[in-house]
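Got a structure for you, written out below as structure tokens; questions coming shortly.
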């Protein structure tokens, strides 16, 4: 009876592995494997349960070997095998699968070989949410950031030489050479301050104090640059995400392109799974919603109304009545556009026709539900 | 004679406890209780005054038990007893009241049992000003923030493995296992830098230096994201707070909805207790005020003029005469709208009719007070 | 012969002291006094030169006593003596003059008594540039800032109790009581990390790691709030400073009030002492200047042209010719308005009449200087 | 045969040195020299290879002497010799060339003399990208920054005196004098926290805790100021860089000056070397490109189309078809203007005529390539 199950599971796994970056199973395996890999270095724990730890590690490895094989096969069948094999993702898959066996074959001790399992973590990278956004900020601000980095390195080197000269006779171990002093400098300039090397002469301390204040400055510059980049990127990303949805709502379609751009800046997209409560009766609200995709259910007394794509709800909160009057839940995976009170005011001011439409609909609903 | 007093106080306390999150008394009790709870762990202090400390602690506990009982009763009478009991606030109240006696009954030493009084602090949470705002920022920026957190964790794990490999032979205690090295990594990456574990090999230090610089980067990203979120949230909050008040000032009511949205962005709300001085004679001023709610008193030579909701004052400062010409104080709790010089200029430029109104009123007053 | 000099100097000093916050002499005295006060605590240095150090300190004290006397007399003559005496500045003056003699009379050792000279530093406070601006930011952002502070304190207390419970048996000195553990918590949460108290149990380290990451978060929130506040305040301050000057330039007077507000946002004020070079021949330039106050001298070949308030120069750099064609220096203290290339483009686009004026003037000058 | 080579190389080197800040060779020499200078202080390494290290160092020095000579000669021939000699760059060149020989002649030990090679690093300064921008931010924000610095110094001094008084009896070495305590204060206030001096009395720790929290505040202010300055500067810089290019694209030339300023804010400049891939077939795209300078090659099936300055491409991605349909590479050094989807929408909304032009061209191309 288990026979037909295994191939079915395999087939499902293969299908999932082909199409997606990482299956949910893969995340679990990476987490488990990494934890076990850490555990193998803790002698008492490993001695107590080494059979179990070894078994789990080998299972993880088997999983990654299998995953790599499935992906390689799929890529070759689809005709882009070599491009997958040398792509970043392909290389990570290859190293995850092959590095540990290779190390064991080459005679490394198991404890060292399994540490190569740290590569498994790199499989998670493409799945990090918002990574694209982070990378764009770093790329666009790379000019000033690298400028700060060069300044950082110059302060590091100049202060190392100065403190080396001032302290080398008194503390020959910590400050006896420029490379040794560089260690002190980097520990100080990043404000980590281990305290393993501390200048003791008055002049050395003066230089050190200036290095510390420079450290604050580097921090400040770095942060200032990133904050600026982020502000710009966030605005842009939100616009792109929202734009798609806005065009699907007939309510906005009547607006000219200029007004649509205007509206897009005001809306926020919200992706919700099925059966999520959006509005709870009796809560106070300060936003209204447009259904861009999916379906929501309004739980009115005695009946249930379904609103599909293009409909809007929650507008009463913006027209003077703060208390939500019904529970509203999603019926399936839905994409909503949220309009806050602030922006609602602005929108109504600039496009009075929209105001009229919303007002009429609200009145109609109020009458109906009376 | 004390009989009728106690029930009266009790009744007042019960009324206050029913209706509000935290009475002022409760704040005092939380602060006192927490301080005593700290004191109980200081042996010399506790030995010197253990009767007093114990008495205060039991009194605090009694207060919280009583508070819980009052709230439970009130909630059940109001028909939402069970929803209160399992709400966050209800659970904190329950734990505050029941955890310590339970621990004592179960045989924990008094010193340990009283430490559970730390739960009392959680009662303060709903009363923290601006917490809502903070939470919204964290929610809206949760995408990039969690992305940075994942990067943080990956750097942590990767650097731990690297430094473990490089340092395990030389410093088996601090770097002998991956979990032990993780401690070093988190201490370094957050730039805390205790100095209890410090890499000493050249390669280990190189990796450590890169971890430190990553630490700066994580700091910068984190801050940049939060700064961006805050800027957006602050603008929004201010608008919402001000909007309500603006509509109550007849002076602005004449404007169209577009202009009102415009004006709202320029004004700042100010809530003042009774008998507060707003303007001091002889100071220089750069803003004018509109009374949205309450009453203010102008202390003119020889007479006192009262201005109610809808009036404005301090406009002379914006019309060329910088020196305030009279003391102005609130007569009762008042809500003022503040218009700064900068925005006054812009407002006057865009809405010349408002300028004319203010100018006329200013002239009328100047004539009257001559 | 020295007789007439001393009273003259005194009279000058008295006049300066009456009218100003701090004379330049007072800054020197504060700096010298503070340095000497530091020196008095360094035993070898003080023993070597105690006559000199004592002499300087007594001289500084005499200066502050005299200053206080002069100010008190002036204030009483002007009829606001008591209000000066109890004002912040008056109290600092009083303490600066009276605290040290009083301490010496009351029997404090000289070394301790002179340390009270630290109050002298407080005299500098009103003279700090930009302090007003800083204070306004702190006041306006006090809501979220205090919210973060409360969160900071709660994390502090909660983590102290947790780590105390986890570490008290192993490290009774550092973690034996909650107040002792609070010291560890504050050192960790601010990422200072002395390393004098370090948790060693696995659970204690887990809590500590979470405290450190919270520390980063607190940093981030704090900075984000301040950055937001600063951005708003800077825009406002710049507008106010520039507004005054713009109205004095006839070139802009022709514009309507709306346009003036627009222009004011684009200009930057620059205060220059006499005989400062503004433009150096042969440099590349990307801004033009308007003289709001004072006089500048253009060093043309063979003649010198003086431009007074209301004139403009450097416009060639914005009309296509990047190379500055003459040296231009201030003749006396001058206030200039700077218009950058970016804003020049925008200005010209929105107000074509201004463009025509500047163009005509530039052509006239070019012809004249040919 | 080597004769004619050396003079030729020399001539090339001289020509490069005359005209440019730093030749690529000079960067290499600076890096090599600095590394060797660090190595000379590491005794085992230097002993093992002192002939090599010395040789490299002398070669670097020779290079800088030669460079200085070439530049001096060139400057004198061009008639601005003395102004070069006393300019910042000239002085750095002089010190780089002369300091080490001078120190050796004056009898300094070689190890100390070569450390003066740290001046070589200063030659890199003018070549740091974005330094101009950083400096402008620091200059424009110098007001609030120096205000924070003064506050920083005051907190430093006040807390030093307080902690000195509280701790001097218990820890006479670390806190015995105000200067010694200043070291503790600066280490704490910058959150470096070496742990070499730690207050132990309860009151001393209370003061220290407040200093640490002030440290966070100083951080926050500093960063907030810099972030604000950066945001403004970045916007300005981008405008200036883009403005030049926009005017060269005939497509935009038809717009009025106001619209051009508008467009300039939306575009981003991109400088690309020859033979760089801009668009890869099959990728998803969200921006279009205008060629401001240079030439790009479109790799269509069966033919290659060359687009010169003024042309645009990639517009399909913005007109609904996200998938890039051809590889596009630069043919020589090119300057492109990038228009993102967000801004494209806005542009089209505000300038419908541009939309029509792009649409027509896109249709023509689609037909042609069918």
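The letters A, B, C and D name the chains in turn, as written, and every chain counts its residues from 1.
Operating definition for what follows: a residue touches a chain if its C-beta (ideal position, glycine included) is under 8 Å from a C-beta of that chain, and two chains touch if they have at least 3 such contacts.
Because the structure is a prediction, the values reported are computed rather than measured.
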Touching subunit C and also subunit D, the following chains:
A, B
In terms of residue numbering, is the interface formed by subunit B and subunit C classified as same (over half shared) or different (under half shared)?
different
Going by average Cα coordinates, which chain is farthest removed from subunit D?
B
Between subunit D and subunit B, distance of the C-alpha-averaged centres to the nearest whole Å
40
Mind checking the centre-to-centre distance between subunit A and subunit D? Centres are C-alpha means, answer in whole Å.
28
Residues of subunit D that touch two or more other chains sit at 179, 191-195, 219, 223-225, 227-228, 231
Residues on subunit B engaged by subunit D in the complex (per definition of touch):
191-195, 223-224, 227
Residue ranges of subunit A in contact with subunit B within the complex:
34, 37-39, 41-43, 112, 115, 118, 121, 124-125, 128-131, 133-134, 137, 152, 179, 183, 186-187, 190-196, 218-219, 222-223, 225-231, 234, 286, 340-342, 345-346, 348-350, 352
How about subunit C: which of its residues touch subunit B in the complex?
143-144, 146-148, 150-151, 154, 157-158, 161, 164-165, 168, 176-180, 182, 188, 191-195, 198, 202, 205, 209, 212-213, 215-217, 219-221, 223-225, 227-228, 231, 235-236, 239-240, 243, 256-261, 264
